[in-house]
């Protein structure tokens, strides 16, 4: 029984990491309208920074700070290229940046261990609980922030640069702030990922990971924190839950494994088809002028 | 005389936000009707819901005694409703001839060619430049092209959204001249316009729309002279009472 | 460096990426969302052609033609079943739906055909030597077919009523509807053509290389990069983008940049400066970053033209 | 010198193995000590890429495991109970592999786990399972596996053995001065490239920077030309799965179809190709040998209709199932630590089909020695380079001179081997 609880605790930890990445993405896309197809890059730089710091003898807490810092720096770097680039263009640009980072991690073995990745030899007690606690804190922080004037302003940016500009807002600066914050949350997720997986490799940084986070955000409901939570839990449940179904069928394992992924793909498609705004859409509030 | 277009108790919404709250409008064959109102009052939304681009949540739209609400925009267009939108009124990367061809998309090839020839004859400006891209035309020329494109199907009702937007007074005058000519052929016209005076000058009747509701309607001449409207709703500074409405071309019912 | 050979390699890369990208940009220009399932339909088309060619023993040309036709129709069906719902939605929801569909299609291919590589029914031999470059028979065919398809597509787009309607709908869908254009019909055509082009591209790539379920996975991002470099929605831009990417990845790996560096850094600063082949996949992304920073909307304008 | 070119000695251990093999091949019941309490199957977890980038090898590996499990059950199973493989797909994603490992360990409560063809999955899964104290048997090959912990076992040798091929090239190709290579840009490829370069330099050979190709890509033409035209006397290749046919094809089409100077780490990967794509390739194949190999190959072919494409993706996993089953029997229960300690004697006495059957573990839980055979493609067929014992290359690791352990290292030794390990 306690072993089952262990699996539950593991799932809580790994889902919390995904949730942090999803919240970070939602901050960018759901609120600020920045279409980031390279979201996994925050996890990549955060996890690598943490793993490298730990490998050089740093303690766990400073190492996590390095991860967050790496996320922030990369967020800023990406936001410089945002400027006024629109939707899909910025999306593919960010995806390209993320891929470049992955390819560097794959080939620069002196820094990242190359394809072999970096192992993390530090064990942190109660890590899943710490991660879940941090995620709650991040949720709270983002929730408060979105209700603040800052949140309202970045939601204006989502609808186009002109209105906030007319209101005298520095749009580029706001986008940079959003990306830095998103990067910090993503970097934190990456730091925890390295500690939890005890390992980081370029295989963890492939574009498919970004797309899974996207699915979480869109299925849940952009711009609604509760939607993101629901979406993350649901997509994680698709991935984990289908493992338990495979035992029920008597077909060859490779076909079954492929069919499992077909099912996950179809579920994502169906949910978006019937709830294009997400399961819990954003409540549009009207603010008095 | 039965109305060509009859809108009763129309409500419409973008997503969850209702923009139009119960509007009644009637257009008779061959008349020019102006819809006035301040910015954001729902004029364009009203027109787009009649055309089928915005979902009507409640109410009825009858055109030539046919209920339109179940029809797609394409099908409504096929019934004889023409539309010239504001600013984005041409297919910019297409040539003038191609723009007209798209206008006559539903016609058979021979009919289309005949209709195109008619339009080019009507607007010699377009005939000279038929293989020029629409994107290279000036604003006034584009407006002319847009009207020609809409007229190629010989619609019995034509919606014009801000035909004078972005035009110099001289060009705007020409455009309104064209509008009057079109009406003279028996096509009913609904104009949504900011240039109140000029529009009212050629209209038979007018509706004043404020925050999604009709607050006033009547003959164009009397609305044009009503100072209260200018001050309260239209946001346009009226140049005092107009002493004499310009003479209107007599309109023969179709 | 064998200049002619690298040029030929670039042209092959470009034509294969280009033909898939043209289909993608076509649907992109009308429906305004990134269809991640596009490249997977290319792979599905290639598998279909393989089934007809190898399993059923049909003539290769017939197999490809049939697969292209069937996949075109399948594209229309996919649109009706899945993407029609999103007509008035924003661009993100259909994109995620297409992503789910892409995963579903890819692993359906694996469930049906298994993970092993497959190849069409023909032998492999050294290419002919043309001006110092080796060119295989199928590469000549591929270049020819791609050229023909593009010319045909150009004619369709410029001179037929449906082509003009496509361009009109792409620039101003509302106005097209108001003009009486049946945009649903136009969209159906666009799906047919877009998916048919994908299937043709997929079959040609598989002919030139081989078929594996993961093929789409390795093509999807370069194809998107090609579309973007050219300018989303621009068919000729997509071709230009493909050419840029093809030349960049091949010459990027082949060229010794030392003379260039010596020009900047003085004589004999370095003797050999090459991009290592392990960075080859990064060249595409680097090209995207550089080009988009210089020209934020790609080479061409947005409208379908 | 880690390499000793010598035939396997017919010594004490070989005799022991022969008797063991006799038991196995005649499907005699394994010696079970405990009386059967229950007939509920003993669960063994499998984490392998059934989809994703290594799906071909992954599926063959799982098939080999199924074959092994079937034979174990025919032979009476373990502890009087049948074994049951619970397979989880890792999709080629480390995250998915770790999730699967968590599920297998905590939900299915498996006795041991086998799997992972890719190092990026074997490593994090290994760390997790070591923490949970579950035996983890993999055939991934990165050198880092040694650092993970005492619950990790490797059944196919690690990247260090790459030196064997360089030595072979030097012996086979008289006068070869410059070497280069084509390696997959993944953990094993990068490791082998590094090891080969080091070895070549030790032997006084020139090393031209190798090509690290992107697995799964479709167009390698320009970089292949670069590496082939670089003027090397011999090219070492480490090409897998679906990359082998496409790379060979592009080489042939570009007029570089002379493979007489190509030496492969994995010549088996070319096995399904047309003769003109492979003629002349030589290489060191991980031996599927020993007296049981022929029967295994035959059975595999009969059951699944094709032969495994890769000597690493299949036979070692078949052996892993047998070793784990034997270890459970020797542990006489499902205590995970006892199973771990029984892995050494189980492998020591077991005669397998991969690596010439010699599967003993060293103190790290890695293969103590590996055996390869020299192969060449002649007339489209893979044939041994010669018939005699000199055709077998035995590779012994430098750290322990290739001595397999017949019993588990003590916990004190483990604590020395793995800093931070707690019993």
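Each chain gets a letter, A, B, C and D, in the order it is written, and its residues are counted from 1.
Everything that follows uses one rule, which is that contacts are C-beta pairs under 8 Å (C-beta built on N, C-alpha and C of every residue); 3 or more make two chains touch, one makes a residue touch a chain.
Small disclaimer: the values here were computed from a predicted structure and weren't measured.
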item: Chains touching both chain A and chain D; value: C
item: Chain separated most widely from chain A, comparing mean CA positions; value: B
item: Interface with more contacting C-beta pairs, comparing B-C to C-D; value: C-D
item: Cα-centroid distance, chain B relative to chain C, in whole angstrom; value: 43
item: Rounded Å distance, chain C centre to chain D centre (Cα mean); value: 38
item: Centre-to-centre distance between chain B and chain A (centres being mean Cα positions), rounded to whole Å; value: 49
item: Mean-CA-position distance for chain D and chain B (Å); value: 77
item: Shared-contact residues (touching 2 or more other chains) in chain B; value: none
item: Junction residues of chain A - those touching two or more other chains; value: 106-107, 254, 258, 261
item: Sites on chain C at which at least two other chains make contact; value: 107, 110, 114-115, 276, 278, 281
item: Of chain C, residues touching chain B in the complex; value: 161, 164-165, 167-168, 171-172, 174-184, 301, 303-305
item: Residue numbers on chain A that touch chain D, as the complex places them; value: 3-4, 6-7, 10-11, 14, 106-107, 109, 114-117, 119, 121, 123, 197-199, 201-204, 206, 208-209, 239-240, 243, 246-247, 253-254, 256-258, 260-261
item: Chain D residues within the chain A interface of the complex; value: 50-51, 55, 59, 62, 86-89, 91-96, 98-100, 102-103, 105-107, 109, 118-121, 123-124, 127-128, 131, 142, 144, 147-148, 185-187, 189-191, 212, 419-420
item: Chain C residues within the chain A interface of the complex; value: 28, 34, 36, 82, 85-86, 89, 91-94, 96-108, 110-111, 114-115, 221, 224-225, 228, 232, 276, 278-279, 281-282, 284-286, 288-289, 292-293, 296-298
item: Parts of chain A lying in touch with chain C, wherever the complex brings them together; value: 29, 35, 81, 83-89, 91-93, 95-97, 99-100, 103-104, 106-107, 207, 211, 214-215, 218-219, 222, 254-255, 258-259, 261-262, 264-270, 272-274, 276-277
